[in-house]
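Working notes, structure below.
Letters A, B, C, D and E name the chains as they come in the text, with residue numbers starting at 1 for each one.
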């Protein structure tokens, strides 16, 4: 097959190979490591752009390799996978720049950046996975790649957080494995098709298909942090800022949500799901998570834990979108996949800047920080407004389509959930913004000499501002065809017209 | 509690015995297994004693592996004996290097060998060698063979070591090890020859089969005798070397 | 005489001849003899595989006599896969032992009687064990199987006894006694079988054997004996001490090859000799014992303080997986798939367990001890060994790209098709428990270390050997199609599958 | 009950006595004796079953098997005895291997 | 003739069983070993009775002779250098 055919493989390899090379780089080879990281990130973006152009021309990229007699490892590039790949590629570049600045002078960075690239390679693999088995392979590789990042600091606290993380994710992947194997005993492992391939399975198996769906959602739900399974997310906040940014905005949580979207749309097919009657409990679980996450976020004094609980609730918007029948809700859900990523990463970058420059971790210490770090707090405000869903930002668009979808599907309850959660978002984000800009600081702020006249290092500031601009950009330019909304509507068209 | 466990286990063993006994009794009383097939093919095997035929020709591969087991056992016992005491196998130079002053007398637990023992051994030695040679020769057509002859030679060796303890350590250690492996080499060598001519491994047929088997048996007898002798010597209590060992333990480790 | 016969003979005789040469020449000839033997084994295995792919299962009558009288060497898909396993792990262990025992006494350290003796005794004993393994995998005769088992056991005892400490001698003695009892049970079974059918060849026994009282008693005795040698759960008491206290290369080859070889003997018996006599009820009992072994072994491994004891108990657990295949005796539809999963799991377990023990050996050599508490920060000291340990753990847990995952996938698929729910749940629980005893070391490897590390130099060859073995365990997951095709040759599990006839 | 069956039963009895001895006796030497008794029991069963053959001379194959068995038994016993010796008194060369501080090198 | 043969067999089997039991159950180890050697000789007799002369020879030479010698010499080693009971095991192995 020609080289262009194996583009998906190249995309995965573009972060896998630098990662492996970085592992063997000695600690002091700083320049080598930075160039490798950045070249990998840029290479990935170029390849993704090529793939976007190829798919736009209607070319089919498929990489297949038979692992077992009738089980094959398959990568393909369909619009949904491209959406997630572009998201992870761009945010990986920004997070790499941020991480290089953030981890200046800290120990074992080679190990960090090695696992960092492996983690993104696994995320890309999940995105371009062509069938359930390949998805499972990359899904479990993601767990192995992210564990060393969570315990990167090596303190007893981070080790126990790592243990919790492992317990949840490995149990989840065991459930997912059981579901995938059980499904393969009925239909083997066919590739993802837009409208799902399970509707022609004979009705006798309906009962076990429901159980398979429950097992798979349980497996994927652990990473998507649906309520009973979200315990690992807040405790994983012990990790350094770029890790929590990557984990909670781009890699792990999104992989879970992406998994739910794949299972509902490309395995079962959303109509078949509603005939099975599994969409209502899923939507209920998502609604409960949205509200529960927001309420818990209210009481968190530690900034990063508050953001973690807000992630728990925000990710469930995506699941709510997928669970509600109808193109509009689906559009809202899928586009929120991108928007939530961008908004959440901005907030985490700001939290990282605050921690790095001023050593501020708690919300109560944020009084008057706006004057000391105006750019960071401006980005934080934009992100916060996005989260609440204020009009010009990206958050507003996804909430808008979700509400439209809910009303189109005659589900008034979900509109109420959306409204309540927006109010709760406001309750736990606005006090921070207010305190930062309008309150007097308790004492003098420590001055960070290295940053010179800027509030903090350039490599920490630029990514923060870039993502904030993206939040606003996705909001304003939503109607343009190449914006996430445009791309998401292309996906939804394909899902529903089959 | 222990008594309960013990009696419980005894009942279990009795049940096992009863089951095996019932199984044995259920076997057909009239039955002559492979004795006819062996008798039918006996003349092709080159020997007339059926047991030797089975042992060295029909199921020669088993015996080849078994000679290996013997060689292995001798080596393992030799390796368990510490460096200084390996009058038997052990790595020759290693042993000499450590015990410094070379091999002084190697006494055994029983008192100094009295006249009676040495006299008896001097009387018996030629007969034992004659009988074991005969046993080896007669094996081709009557009960006897490599193992019995080897065992007899080994017992002669034990007697000699009991009398004159300096016998074994004086023989070079490489010679002992060559003798040890001789049986296996000859057996495998003769076995591989038919492989060159497109026949199966260990395929001795035709007129020379009898002589080939005799050659193999002689080599095996020597090896078996050497192995059994080493098995005894390495385990025997060698007070003189123990003295060095005790002194070493006091000063060394 | 067919070429495959020649390859089979060289597979058995090459290591034995090398062993005898190493034994006689002594001093430094051991490693080179092992190298020559390894080369010969790899070539003859390649030749044998080529032959089998062209002509299917091969049988070669040793000594030219027919089957009732003479002994047949028999090679089909199952034995070739086991030979592949023994070649892979064997070459890995040999390479590791070059570094571990060193070719000659290093100038810097004082002369030490026990060490130089271990350095020279390892090689002949290991080559005898290797020869015994190949004799076992190729033997088509139940008494020949007994002699091969004895050769294997005695060399294993010799290897365990190398360590010269009292616990090692005690462990070796207990292992020897347990193995001898197991072999005698097996031999009594052989006596009963021969007493009834007057034939010792496996293939002919397949046609003759029915479920008479003597045969079932023989089946019970032989299986009990081999269970004792495979250390299945209730009869595993000897394994942890023996594998935990012997030198690293020795425990690697014991855990991965010797235990799997004894399981192979049971599998070969149940597939050929007792295909018609084995009742599903007995199979279910074995599977239940296997499940209990997984749970018990894993829990014991999780609460071990010493790294090598942890890995030894993990062997007790992983052996349980192999016996789960017996639950499929009555259900012929999924039986073949299940047995393929079990054999593939055995293959990847051997590579993974070998890599784990070798990595543990390197860690012990560097840290001087293997207490888990004192190993904080080992990741910085020995990154390659910890990475190999992690990869091996990944295969034991059955995480995707590894061989263990393929075995687990096939077993789960068969369990779900046959409706054996408890087997599926045990497999998944086993995977999670395996994580329970793999991650403690990885966690300590990533942890920060308070006091500075006083480490001793670890030869590069040792770390590379364990890494190569771990990569083999993972590569087995990626190239699963070819070995599974190899397993089809001679359809070893066909008699089990066609067992639908009698209940 | 023919003599063959009578001796075969005696073999089984010896096997049972030996197995009982291996498990219940504490001292290693006694366990070793029990294993040898078990071995003799199995060999007795083999040869007794072989003596059922009509036509004068018994079946030679079990005889060959028993000969092999006896030789294997003696080699295993010798290895076991040297281990018993090492356990009881600790080999004189107790000095640990070159990787001195390892619990078991 | 047949009755006499049965008497001989009965005595031989009874002797074998009795010797086997007492070789293992004897309080003193030395007595156990001596009984074991006698048991070996009786086994040689049993092989002769079952028309297996080859095995009778082997048993007499190896079974009774060499094994007995080995056992006695090891017993001498152990009783003369009594060390602490079998090695302390740092692992709570479940049985015996």
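Points worth noting:
Convention: a residue touches a chain if its C-beta (ideal position, glycine included) is under 8 Å from a C-beta of that chain, and two chains touch if they have at least 3 such contacts.
Computed from a predicted structure; not experimentally measured.
Ranked by distance of CA centroids from chain B, the top chain is A. At the far end from chain C, in terms of centres built from Cα atoms, lies A. With centres defined as mean CA coordinates, chain D is found 66 Å away from chain A. With each centre defined as the average position of its C-alpha atoms, the distance from chain B to chain D rounds to 15 Å.
Chain centres here are Cα averages; for chain A and chain C they lie 43 Å apart.
If you average the CA atoms of chain A and of chain E, the two centres end up 75 Å from each other. Among the residues of chain A, none is found touching two or more other chains. Of all residues in chain C, those touching 2 or more other chains are 113-114, 117, 143, 147, 150, 154, 157-158, 161, 166-167, 169-170, 188, 192, 194-195, 198, 244, 306, listed in ascending order. Shared interface positions of chain D, i.e. residues touching 2 or more other chains, are given as 4, 8, 13, 15, 18-20, 23, 28, 32, 45, 49-50, 57-59, 61-63, 65, 67-68, 70-72, 74-76, 78-79, 81, 83-87, 90-91, 93-96.
Remark: chain E residues 53-54, 56-58, 61-62, 65-66, 69-70, 73-74, 76-77, 80 touch chain B in the complex. Chain C meets chain B in the complex at residues 1, 5-6, 9, 13, 16-17, 19-20, 23-24, 26-27, 60-65, 68-71, 111, 113-114, 116-117, 120-121, 124-125, 128, 131-132, 135, 143-144, 147-148, 150-151, 154-155, 157-158, 161-162, 169, 188, 192, 194-196, 198-199, 212-214, 216-218, 220-221.
On the chain B side of its complex with chain C, the touching residues are 19-20, 22-24, 26-28, 31, 33-34, 37-38, 41, 54, 57-62, 65-66, 68-69, 71-73, 75-76, 79-80, 82-84, 90-94, 97-98, 174, 177-178, 180-181, 184-185, 188, 192, 194-195, 198-205. By the touch criterion given at the top, residues 1-2, 4-5, 8-9, 11-13, 15-16, 19-20, 23-24, 45, 49-50, 52-55, 57-65, 67-68, 70-72, 74-76, 78-79, 81-83, 85-86, 91-96 of chain D touch chain B in their complex. Interface residues of chain B facing chain E in the complex, by the touch rule stated above, are 49, 51-52, 109, 135, 143-145, 147-148, 151-152, 154-155, 158, 228, 231-232, 235-237.
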